[in-house]
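Note that subunit A is present in both complexes that follow, paired respectively with subunit B and with subunit C.
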Partner chain A sequence: MSVNAASVAPPAATARGRRQTLWSKAAWKFRRDRAGMIGFGIVLVYLVAALGVWFGWWATGWAEVHGGKWSPVSGEYWFGTNLIGQDIYQRSIYSIATAFEVGLVVAVLSTLLGAALGSLAGFFSGRFTDEVVLWLMGVLDSIPFYLLVAAIAFALEGNAYAMHIAMISTFWITTSRLVRGEVIKLKNLEFVEAAHAIGVPEYTIIFRHIVPNTLHILLVQATITFVAAIKSEVILSFLGLGVKDGMSWGLMISESTLEVLAGFFNNFLAASVLMFGLVMAFNMFSDALQDALDPRKVS
Partner chain B sequence: MVPGYHRRPMPAAALWPRRPPAARACAVAALAWLLLASGCGRDTSSSGPPAEVPTAASMKIYRHGLDQGPSSLDPAQSANIYANHVAINAYDTLFSYQYLARPYQLKPNLAAGWPEISADLLEYTIHIKQGVHFVDDPAFPDGIGRELTAEDFVYSIKRHFDPATRAQGAWLWQGRIAGLEEWKAAGADHAKEAEGLVALDRYTIRIRLTQPYPQLLDTLTQGYSAIVPREAVAYYGREFAVHPVGSGPFRVVSYDTARIVMDRNPKYRQEPVDIWEEGYDPATQGEFGLERIQGRSPPFIDRLEIHFINESSARWNSFAKGDEVQYVTVPNEQLDRVLATRDPVTFRQEISDRYFGYAGLEAGFVFMAFNLSYPEFGYNPDPERERRNKALRCAIIKAFDWPARNESFYGGIGAVFPGIIVPVVPEFDPDMSRESVTRDVGGARRLLGDNGWNAENLPVLTYGTTATVLNRLMYEQFRAWLKEIGYPPEKVVLKPYATFGDISRAWKESELPWVSKGWGLDYPDAENTLQLFYGPNGSPGSNDANYKNPEYDALFRQAKVMLPSPERTAIYQRLNQMVIDDCVAVTGVTRTRVHLWHKNVIALPDREIVGGFFLKYVDVADVPNGGER
Partner chain C sequence: MELLQYTIRKLLAGIPLILGVTFVSFLLMVYFGPDQTYQLIGKNPTPEQIAEVRAQLGYDKPFVVRYADYLRELGTLDFGFSDSTGEKVSVLLGRTIPVSLALITPGFILGNLVALMLALIAAHHRSGWVDKMIMGLSVVGMSISFLIVVIAFQIVFSSSYGLGLFPVRGWNVHSPGDYFAYVAVPTMATVFVALGYNTRFYRSVIVEELTRDHVRTARAFGVPPARLLYRNVLKNCMIPIITRIVFSIPLIVISGALIIETYFGIPGVGKVTFEAITSGDQPVLKAVVGLTALLFVLAQLVTDILYRAVDPRVSLK
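== the complex of A and B ==
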């Protein structure tokens, strides 16, 4: 997200002379990014919808089959019903929770994994650990993404978390590469040399002193992974390799393949529009966050 | 097809799409062009009358559409209708079904007439037609197809018992034809005779049974019984699975995963059709122009193409486009566009104007069954628990909403019926009580409550199915119905399988407490569905429910050796009632298939029994530059 540097320059210091940190500067800059704030607001709306599903406040009847086959939009069924009379509105709202669940689990775990392996590879760059991690990343990168994800999901079929595992096992790679590069840069700085000098153990240096300094990368990368996970979940569910129990936009779009030829588009439209809204909003949010946390622009 | 195509028999290997080197291909093309240019395109080797030489423009081509293709063209592997579509058209079978008669009626095909049957019903003597030849093929000396003899039939059936063949059809005759198992145990040496299956002379077969087998002739209509030449099996080895050498109405020209192309067999015997003997009914079939084939000898088309199009929308589009496939089974999602009314089935005017069509019940049914080997639902060492299990099964059956299932997944035009005797067989009783297919949520709840079942103690029901969106919706619908009778949704667990082969294996290995499947009749006799619940057929046999009822088994054994009669029908119906009373299965629905075909196609398509036996009678009218052959 490009913005005019002069117009968004943070105030040099407050009246009381409080010291500005990278985070406070980033927060200030983020708040000035209108598109980012709109995206963030939309994401919050989706999050509330997901929380409502998790707490059982709404969309509890997503599996009921009381409506007729392909009922049109009505006061009772806001988005109509599907082939077996299920309420498409409730199913599409329920799918928000599925998207958040998948997005959060995959984003958090793949970011943690990427951070751990990337920092180890970066800190021990040129050594055996680095070679192993780079080899692993190279191997996984050489396999087409959806082929690999489908293969893992297929191999673990029956496991409710097969899709999560499949995505985590590939999504950590980009994070890991970024973190490795950052750690290689950081490990030569004075504070790390000082830690070495006073005898701090290597793993303490890595995880206590270096990794916290890559948080801005991890945060941005997590948001990107979140969006990628949602999109992948939809594709995998569409292919029958995704959500096992529950509902997702991918399954709804998959259902719509039985319906569009009969001229019934409600499932397809509901799932597509809601997914587009969330992915678009998260992309806007992610872009703004990236701009806000970019040290070259913030400092 | 290149312009100037001619029907000169070529070595099949030259016709086979093996992608010869470019130079060789060019040489073949140049040679073919030279031959054509010099007017050498006359069929000279055919034993029948000289065939006309159709050009590409005048060829009569019929393009058939199917939802799947065969995985093998070897008759020993023709386990489904897709393989049968090829097997019975590339090869000959002793018997067949009358083209137009419904219910299906047997007729001799390669057999010269009906068999002579001994008084004890154990010995069949069958004479076969003389002068029938296999197609020309490099497998034969000088590439000329030899005459088909009784020995070929004996060899073809024995192949099913030869471990080297890895055939799938042995179950049809296992324990029925005397001596075949012993022949197999002795090493499956084709030079040795099997006691119950011998060629008495060049044109006479004798089959000796271990017990009466009223469906024997039906089994001899199937692709499994198609007659193959021993030389071709030896010549092609494993390649025989993609290189048919038969004596049927067509010969295979090319085959891949998208389509099979079969040309008219110029040697096919001349047998004029009498549509009245084939069961022609002007009242229901008069509009299809079938009189045009009266007195003519099939096949009437020069080329048969069967296109395998898995995706229903693509299949429909190919049909509706006009110049691709000429037949389609209407997918459910198109029914609203095709049908004006559903009961009775009538077509919209714009459809009737463009296509011929009819709707008919499938020869089979869809049902679900409990696997009674699971103590949670079926047989249990504790008699009290077993009694409660039966109540649980009956409650689940009462929860099932057949009309809704029919509306959602079978276009609302399926025939829901009680029991396991399907509507297309003569033993079906339309007056049976429909209680077992009538939803009764209150009754189901009462049944559960009266027998001590509640949300806490109900067992987990693992619902296995292939991972398709349609099957998933069926599961969700079922789970929702069970919820209405108090079955917690979290106790109805989906177990997806990647392929039908996977779940089929799971059923065979008794890995699932719930079996949800369709069954297509092998022959039009209720015995074929009643055997699905015959105790000795338990897993890995066809009795996936593992139903074991001594009374049922005894009655089944009694009936299966009886010829059709009111007494046998009465026994069949008692067996049917036992399955209903014991709450073994949620059953069933027979789907109605809606067939459409182009108006220039003269045919009555059918894919129910055997599959594709009608294809040799198909004719195509209004051929550019051509007329009736």
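== the complex of A and C ==
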């Protein structure tokens, strides 16, 4: 991102004289990006918080009702309590784990789906497979996102993963478009021709030789999807289409809409600030990753 | 003549898309969608009564017939009557779409214009502190959820805990003054959120154009920066910009205002759609989804024709 990082060439070889790879160059470039490293550090802190919740080290009492209605900030209730007396601090920390769960599931699965369909469409570009994938992308793109989520939620009859499925079924499209474009370029290169010549089966060529070369796109897209999933969760939970059991920032904010007009802001602030921190850090991380991995990007 | 042929060809090419969208949405929303039989029926119904209501709702017909009915409705734009209010769907949409348009248009235009200006400024001062500040702010804007912005703006500008300048919620418009009062806070929220994404996108488009040879040549010939940006850069960037703007219109008309309308209690099409989702009002849902798909096909057509208008090299063949 910054001019200094771009103008200083990476060291020709590392101290131990190992060969330089594209990945080691990218890692070197990433480490020099201050904003990216800060973002990465913050994401790690959040990850530790989420792990703690999963292992049951903290935020175990998020559903318990003790403290009175709307207790102020105190040593016992760090962020006060909500309308029915639940500890806002524990609820907001517990929600970090929910955010990571939603983000990871959606990012990983939609990236895999996008990579698979995008590479198939790209490799067979102009042929029937490609037409079908392009048509599917156009169709899913034309259905309003919230309508699609609601429809999937109803079709699955309140399944807890309806939200994840709906997000995956829309978020793979962008990844798929980018992968398709890259694969169309890659499939005309010599290494693919060579693989054809020695009789490597088509699907082995696609998934063993071409897809690994789109890994830089996939990594960046996965981080972008992660952020999009967390942000969508908040809105879907507010609309009553999101997280079904458990706690999330979206549910906290939707709870807080009853409170803010009465002048109680703790719930709203706790969820918003924690969510903003994670999303902001992830955006900074994602930007740095993009700068490090994409040699053609002009910044 | 060439344009007319092109338009017809494009509209025909849009048919598979419309069929796809209507089919997927029909499958999800109507076929697997909520069943309204027991909401319309009294207590302890006999099997005959159940069958009668199901026939009335059209549930007993085979899938293909129901889908064909839907396509016919879409073709004639006659979607029948809303299940929950009994109002004619076309009347309902005719009443609510103008409200949504009035609500969203100012924010949509401002959000794009201001973002374009900021992007030009940032690109002009590329890598300088102005650029870094604008881009930093746009990442901040991208990181705040729209819902949080809406709630926070309502607290700050409308509620008695903040400035209390505007009405808290509702839509009671009788004069231009009313309109301004009700539209101000939603517009500010829309613009705030749009700025983050739009500025970033426009800047990257403009910066890419700035690195081209013809820009360097123009600079060398001493073209002043403002004219350079307007004539040599902005015009060449129009294709991605137009694509982004036109393609965001269909979603904005139908579902873009959903959050604002539900939160501020504004009777626009977004709110109607949301209520139709939660109550399983299929005639309304079918109308909304079908119209969105039609708008998308139109948007594709409009962008292709606009490409031609801004760039004579694009051919309509």
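As a working rule, the second predicted complex is superposed on the first by the 280 of 299 C-alpha atoms of A that agree within 3 Å, B and C clash if a C-alpha of one lies under 4 Å from a C-alpha of the other, contacts with A are read in each partner's own complex, and residues count from 1 in each chain.
Definition applied: contacts are C-beta pairs under 8 Å (C-beta built on N, C-alpha and C of every residue); 3 or more make two chains touch, one makes a residue touch a chain.
Since this is a predicted model, take the numbers as computed values, not measurements.
Enquirer: Sticking to the clash and touch definitions up top, decide whether subunit B and subunit C on subunit A clash or fit.
Expert: fit
Enquirer: Could you say whether A:Phe154 touches subunit B, subunit C, both of them, or neither, answering first, second, both or neither?
Expert: In the superposition, A:Phe154 touches subunit B and subunit C alike.
Enquirer: Check whether A:Glu64 is in contact with subunit B, with subunit C, with both or with neither, and answer first, second, both or neither.
Expert: First partner only, subunit B.
Enquirer: In the superposed arrangement, does subunit B or subunit C reach more residues of subunit A?
Expert: C
Enquirer: For A:Glu259, using the defined touch cut-off, is the partner it touches subunit B, subunit C, both, or neither? Pick first, second, both or neither.
Expert: Touch partner of A:Glu259: subunit B, not subunit C.
Enquirer: Would you sort A:Asp245 into first (subunit B), second (subunit C), both or neither based on which partner it touches?
Expert: A:Asp245: touches subunit B, not subunit C.
Enquirer: With both complexes overlaid on chain A, does A:Met137 touch subunit B (first), subunit C (second), both or neither?
Expert: Neither partner.
Enquirer: Should A:Ile235 be classified as contacting the first partner (subunit B), the second (subunit C), both, or neither?
Expert: A:Ile235 sits against subunit C, while subunit B stays out of touch.
Enquirer: Is A:Phe145 in contact with subunit B, with subunit C, with both, or with neither (first, second, both, neither)?
Expert: Second partner only.
Enquirer: Would you please give the vertex angle at the Cα centre of subunit A, with arms pointing to the Cα centres of subunit B and subunit C, as a multiple of 10°?
Expert: 50
Enquirer: A:Met275 contacts which: subunit B (first), subunit C (second), both, neither?
Expert: second
Enquirer: Just to confirm the value: shortest Cα separation between subunit B and subunit C in the superposed three-chain model, in whole Å.
Expert: After superposing on chain A, subunit B and subunit C come no closer than 5 Å at C-alpha.
Enquirer: Overlap the subunit B and subunit C contact sets on subunit A and report the shared residues.
Expert: Shared contact residues on subunit A (touching subunit B in one complex, subunit C in the other): 154, 240, 257, 261, 263.
Enquirer: Sort out for me which residues of subunit C touch subunit A in the complex.
Expert: Those in contact with subunit A are residues 16-17, 20-21, 24-25, 27-29, 32-34, 127, 139-140, 142-148, 151-152, 154-155, 159, 161, 168, 204, 207-208, 211, 250-251, 254-255, 258-259, 262-263, 273-274, 277-278, 280, 285, 288-289, 292-293, 296.
Enquirer: What does subunit A use to touch subunit C in their complex?
Expert: Interface residues on the subunit A side: 2-3, 135-136, 138-148, 150-152, 154-155, 231, 234-235, 238-240, 250, 253, 256-257, 260-261, 263, 265, 268, 272, 275-276, 279-280, 283-284, 287, 298-299.
Enquirer: Going by the contact rule set out above, which residues of subunit A touch subunit B in the complex?
Expert: Listed in rising order, the residues are 63-65, 69, 82-86, 154, 157-158, 240-241, 244-245, 251, 254-255, 257-259, 261-263.
Enquirer: In the complex of these two chains, what residues of subunit B are touching subunit A?
Expert: 312-313, 316, 331-334, 336-337, 404, 407-409, 467-470, 472-473, 476-477, 479-481, 483, 489, 493-498
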